[in-house]
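By written order: A, B and C. Residues from 1 in each chain.
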């Protein structure tokens, strides 16, 4: 489980760095600006989780995460530079990064003795913060606030699946895969069919 | 005093969650978006204080705060949904939350051995951060930056009253009430009479 | 070295507070608003570094930093109030604050056992965060994202000079001066000659 968690974390870092580059690239930032956006997208969620939960922050203690984030950013920057990509393409890696980070974040919070509701919320935070930073730095409306799609709620659903299955005695590895599938499933289905939650409307 | 502090903290969480819902509701967010704004408004100030001062963050260690924040958000969401409320109505609970959080935050900082000036500032941070997060997430100018009213200075005045009275040997409970009354008084009087501080104006 | 580091830190705080006041002043904020911007500019970078690296945050443990930040803000506020200053004047103290904070931040991270790449990045963070907070609070495009000038890359170059010289056995004091000169040099030369890095451009 520990190895799986470590590799899932590194994969999440790489995937989120990729989405950061794709988004920042559309703003014609220079290579350092793009690296900063890529690193913030890749490391932001876990950083906020660790600041709330434990010390040291994961990438300060283990340099590998930072190297993966920066290397991914550089490779993607020079690979896709000059290509004309469909602007919504990055929604697929974004959903994958959301799923990976949510599950890794929830699992780490559980291992650090957070109560279950707190752990699920720390998972959501780990999942969504990188993307929010990316969108804010690129001056776009964060995906989390886009109307007509589920985003944080997809993450929360998956985090609760993970917590619930483990409470029922399911093995952590299976619970992790089921949680990840839940995040991805809810997110992609809601994007495809525009499933929404009740809207608060004061002015209607 | 400890019990009073605990209940004042929970009240502050509930009041700030309420203002978050009222503000987010006007933006027609869905229920999860509103819950996120409510939770950020309710827990943001104390989170920043704890990140600067101590570990663990209060709501990570004690799940009750998170439950109160989310429950308040949900109840208010479904209670006021569809109502047409005067847009400035939420300034009253906002002032109450500012006062409660400032006093609780200052007292906690003093108990954690912060020097008095730092403690008063941590109180102001505890008081104002939730509302700033709320306004930023709802894409409004934070109340703290609105011209012609006192906001952070009202909080600071109350925090200094608390610190000063305790230094003079007044009982902590009385000092806390006096501090809270000072925050509320300065804030409400400045709103009613538009009392302002000197403005820096370079271009006049 | 420790004394030098302490005084460099205090100087950085004062210089950044100055730039905060100059920027906030152009927005006609009141004195408390200007003090908040000044304090955020002066203390923001080191705060983020410490939140990632160690406890307690520097200005919570030692009240002197906060006093210097607030006193500088007040003095500058009343000194320059009403003057008509060239809007780009503050770029010089901004570059000085960037250099001081980057070097101090990198050195502190090294002393706290951060790996070298992490230490250089924490130095960049210490250097740039204050200015980003200032520009965001004043509703301007952060200097770090301005096209056609080096900013974060100037800081990173200096941090790497510091790390590299120390690895080569150069005395920490000389390495610190060389690092600072590198940040200032790269920043000022890039401002004068508009030296840029490769731009990612998808749409060309």
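General remarks:
Note that contacts are C-beta pairs under 8 Å (C-beta built on N, C-alpha and C of every residue); 3 or more make two chains touch, one makes a residue touch a chain.
Predicted model only: the values in this text are computed from it and were never measured.
Any chain touching chain B that also touches chain C appears here: A. Mostly differing positions are employed by chain A and chain B in their mutual contact, as under half of the interface residue numbers are shared between these two copies.
Measuring from the averaged C-alpha position of chain A to that of chain B gives a distance of 30 Å. Counting partner chains per residue, chain B has residues 51, 55 touching two or more of them. For chain A in complex with chain B, the residues that touch the partner chain are 51-53, 55, 114-115, 117-118, 121-122, 144-145, 147, 150, 152-153, 156, 196-204. Of all residues in chain C, those touching chain B in their complex are 21, 24-26, 28-34, 36, 47, 51, 55-57, 59-60, 63, 66-67, 77, 80-85, 137.
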